[in-house]
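Scroll down for the structure; my scribbles are underneath it.
Order as written gives the chain letters A, B and C; numbering starts at 1 within each chain.
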Amino acid sequence: MLDVLTTPLQRLLRERKPGHSLPAAFYLSPEVFEADMEHIFGKHWIYVGVEPDVPEPGDVAVFDIGKASIAVVRDEGGEVRAYHNVCRHRGARLVEDEKTTVGNLVCRYHSWTYDLTGALIHADHMGPGFDRACHGLKPVHIRSLEGLLFVCLADEPPADFDDMARRLGPYLAPHNVRGTKVAFQSDIVEPGNWKLTMENNRECYHCGVNHPELTVPLFAYGFGFAPEEMDEHDRAEAERYGRLLTSRHADWEAAGLPSREIDELDTMVTGFRTERLPLDGEGESHTLDTRAACRKLLGDFTSAKLGGLSVWTQPNSWHHFLGDHIITFSVLPLDADRSLLRTKWLVRKDAVEGVDYDLANLTGVWLATNDQDSHLVGLCHKGAQSPGYEPGPYSPNTEMLVDKFVNWYAGRMAAHVGR
Amino acid sequence: MLDVLTTPLQRLLRERKPGHSLPAAFYLSPEVFEADMEHIFGKHWIYVGVEPDVPEPGDVAVFDIGKASIAVVRDEGGEVRAYHNVCRHRGARLVEDEKTTVGNLVCRYHSWTYDLTGALIHADHMGPGFDRACHGLKPVHIRSLEGLLFVCLADEPPADFDDMARRLGPYLAPHNVRGTKVAFQSDIVEPGNWKLTMENNRECYHCGVNHPELTVPLFAYGFGFAPEEMDEHDRAEAERYGRLLTSRHADWEAAGLPSREIDELDTMVTGFRTERLPLDGEGESHTLDTRAACRKLLGDFTSAKLGGLSVWTQPNSWHHFLGDHIITFSVLPLDADRSLLRTKWLVRKDAVEGVDYDLANLTGVWLATNDQDSHLVGLCHKGAQSPGYEPGPYSPNTEMLVDKFVNWYAGRMAAHVGR
Amino acid sequence: MLDVLTTPLQRLLRERKPGHSLPAAFYLSPEVFEADMEHIFGKHWIYVGVEPDVPEPGDVAVFDIGKASIAVVRDEGGEVRAYHNVCRHRGARLVEDEKTTVGNLVCRYHSWTYDLTGALIHADHMGPGFDRACHGLKPVHIRSLEGLLFVCLADEPPADFDDMARRLGPYLAPHNVRGTKVAFQSDIVEPGNWKLTMENNRECYHCGVNHPELTVPLFAYGFGFAPEEMDEHDRAEAERYGRLLTSRHADWEAAGLPSREIDELDTMVTGFRTERLPLDGEGESHTLDTRAACRKLLGDFTSAKLGGLSVWTQPNSWHHFLGDHIITFSVLPLDADRSLLRTKWLVRKDAVEGVDYDLANLTGVWLATNDQDSHLVGLCHKGAQSPGYEPGPYSPNTEMLVDKFVNWYAGRMAAHVGR
């Protein structure tokens, strides 16, 4: 693949205009898509799910990254492991269900049997010359960041995961992901390139006219504005928001909740960003009444008035950690023009649906927001196909994180294919 | 694209056998399809619709030519303009509906706003360094031929449009397209290459056994025959038709209706042909009773016994102008093996459905004929895929216009890629 | 095509590991698929159907091999002929239905008419310079092996068909295919490469855990096992089966039924294998009660206790000939990841459904088995897409015929493209 690709992709990288959306080929070309899967999704830490997806020994969850199917397994010792989900005999897919619980991993084709550490422990008819030890499942690198699961398909994963984990860990720990369960999962296929899905996520310039539900809890000012365009009223509001942010950060940090911005979106191989932001209204949660959706709070929290801790990781995730629940998003490219957006809502493990939380209330804001975003992504994908498409300028006031996503992407691609 | 393509396409052009259907690659190859879209549909005048699609200021109609989406707008001054339907900011498709009416063109993603002349008049948060004047909508060339709308995606469109307009205009003018409305539009996807759809349209050798409805008003003799194969009865009928044609042409021309054949199908860049032909039966219209389908006649006509003015343009349209209504067809390739056939039935603007015309009666003949043709196109496309396919000979007596379509196509392609 | 392909395909052939499943590209690559269609399905004898598909003069059956559509016709003299199913005029597909009965073959586009020997006998409007004799249907090589129909798209088909026919004929003749009718045909699309469908067919290692219906009549021991892994009970069973096989072969051969194995699976261009195997239970048929499904027996048989004569041909068929019915399978690739499996159940021509046989009973075992196999093929195809896929070892005790299929395939491909 690469021989053919290197030259044009290098030229595309050289010729892209900083501060602007990408040349159309980055969104449309099957060749660029192959390169994305090989170099971006094949060589970086990809967020796929959470430890509560496999809470008990023997639990298996299957995640697909492009054509790679990965079985994430909790072994008898409680450790989370990951394997290529393919039998070493005739290559059949091993685990068919998205989630299951097993004693061993048994291929249904010819009953080759692997234990939870991936060792081949049974294979009939193979004769005396056959060495089981050479035919165990192939492991995949997996790391848990306070319960968030990241896998890497490369032989040598980026080494700076530890640095991210050290700095992000204290922000996440109080929300205790491991003490939650998945209350709901939504999978939608967005009709556009995965980078358009990511760009859409990285700004809230579009929120005002497109997200009537999300802008109930979210302050628009939290995502940037052009000061020179504001009238007196808007300026007063923006200043009020600025004071609120400073004072809340001070309060939260004093209470042991790390809250101030860390931004390494385009400065690390494993790019990430976090910040705890105040919410509007009651200030508790991403709900239409801005109050907690779950009566049982996360971790050791005694109040839900904690704003929302937002976390972004490159290339494919974002997360909102609230006092009562967590919403976590992964983007998994299907082909150049379709992307899976997977959203999970996590609540405390012992919370009971219908008693402690109402599912419609819990999921309402983001189910609506995802649908709205999916439509916008589709419009951009169609637009990029037009011969009239030309990369347009990002707003320096509201699209800084989009710019950083694109910079990270272009930099990482160039690091692998040259420029 | 072209680097890879030039050589084989040139060889295909060199090796095609004149007077025969094209080598299979012209119908099947995705590479030839790309070349068709780039050189034929990207560099010639393409018929897309009619002025009555955008009757009033603010009316917008969207037409897709391949991946290009084009917004045709009637501006405040009544002028018809065309733009690439893509926002200059993040590239979102601007107008989503096929038809709409607007004050300004507003992108729903971030509310960038363009007036009807394409100027960017509003864009939030872009900061002081941003120049709106550099971010207006990109115009597309558009021309109206007595109300028939042709667009050209090239920077420099073929110059001979004016010549065609000068010569065709007097034929069309009496039917007053601008004084009509679209009574019905049918979009069908034909399961074959667009050139097979065009070839199918360019002959009536197949009408006798395939079009029981169309051959009620249409004289088979009007589309050619092999004189040496005729028996006495057929020869007498053909001679009768010949005399009828001559006498009607004389009558119509005397009455101010240009009617005699002009054929520039393969002799101009903007190839076209026209001729007014007598109809069978009552001789009024393309209906099953051969009478006018609409009580209100077009233009200043006082009788519908005007035969049918047929107009063909390369590469993608044909039209039948009757005394009471107009049927107009455009072919828009979707991919190498699927083509959109769009048919519009136009009646006088003030005609009332159910009072002045019955929609089923108006559309019956051509809805049936289109379906029959679509099936035939599918058979040819399947046949071309066979290793047993070999270009076959066109009839010198009934497939002359097919031959001219293919000559025009091959000549225009060669003019752009060499031969 | 070939220019681009030769090098990588040659390298793939050189680098494959004998005794192992193929490198993933053989199952997935569209380029390899094109080569498969050109060299394997385009240059070998392909099993497509049976003489009872066209029992009477004028009967036509259409078979598709990739993009090639082939009309098999029984002519007035009773001879079975095959033609490319495409009109010599404008290339329309000639016969649309899968089966029909005609006087002549008439193209519905412009009524060009061919007689059953393929001669063009009618074409209107073509003028005096047109020579009908040059525009007959293009013939395709076809051979009947005791009623099994094989076609070859190459100009010069493999010459060893006669050798196969001479040796296989006596095995098949007693079952009298020509005296049967098609009681039922099932077409299913398996979600995998055609070679995975063939590999799946060539072993019964997977039968025990996947085919509860098929293993009622079929002895597992008939398809191999690893003697060194057996316990005392299994060894006794295996020995019992061995004695049964030897004694039945002797009985059947004495009664005039050739039964002993011939295996030329990877030693001839037209590779094949046959053997008559005892059945379990009542030993009569592939049914759930192991008794004959049809009261009228085939040929001159007076008892159904004949075991099952199995026949395999490369690249795309297998067959089971029982005393009361025949089940015959052809695999026709649709694209790299979809394959048509066509199964026909043949019973004696004068047997009456509902009287002599119950259709559900006749077809039950193999309809279930096909569905199970289709699922397994899908698992292997998905597995081959994984970056964790690595060709795995075939069992030397139960997957010998898989190995021979793969050897035949690789050898034939190398013979055509080099290695």
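By definition in this document, contacts are C-beta pairs under 8 Å (C-beta built on N, C-alpha and C of every residue); 3 or more make two chains touch, one makes a residue touch a chain.
Everything numeric in this text was worked out from a predicted model, so none of it was measured.
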Statement: Here subunit B maps onto subunit C under a C-alpha rotation whose angle in degrees, rounded to the nearest 5, is 120
Message: Do subunit A and subunit C, two copies of one chain sequence, contact each other through the same residue numbers, with over half in common, or through different ones?
response: different
Query: Quick one: subunit A and subunit C, Cα centre-to-centre, how many Å?
result: 48
Statement: Check: subunit B positions touching at least 2 other chains come out as none
Task: Write out the stretch or stretches of subunit B touching subunit C in their complex.
output: 21, 24, 199, 205-206, 209-210, 224-226, 228-229, 376, 379-380, 382-393, 395-398
Message: Under the stated contact criterion, what part of subunit A meets subunit C in this complex?
response: 42, 67-69, 83-94, 96, 108-111, 124-130, 135, 138, 140, 153
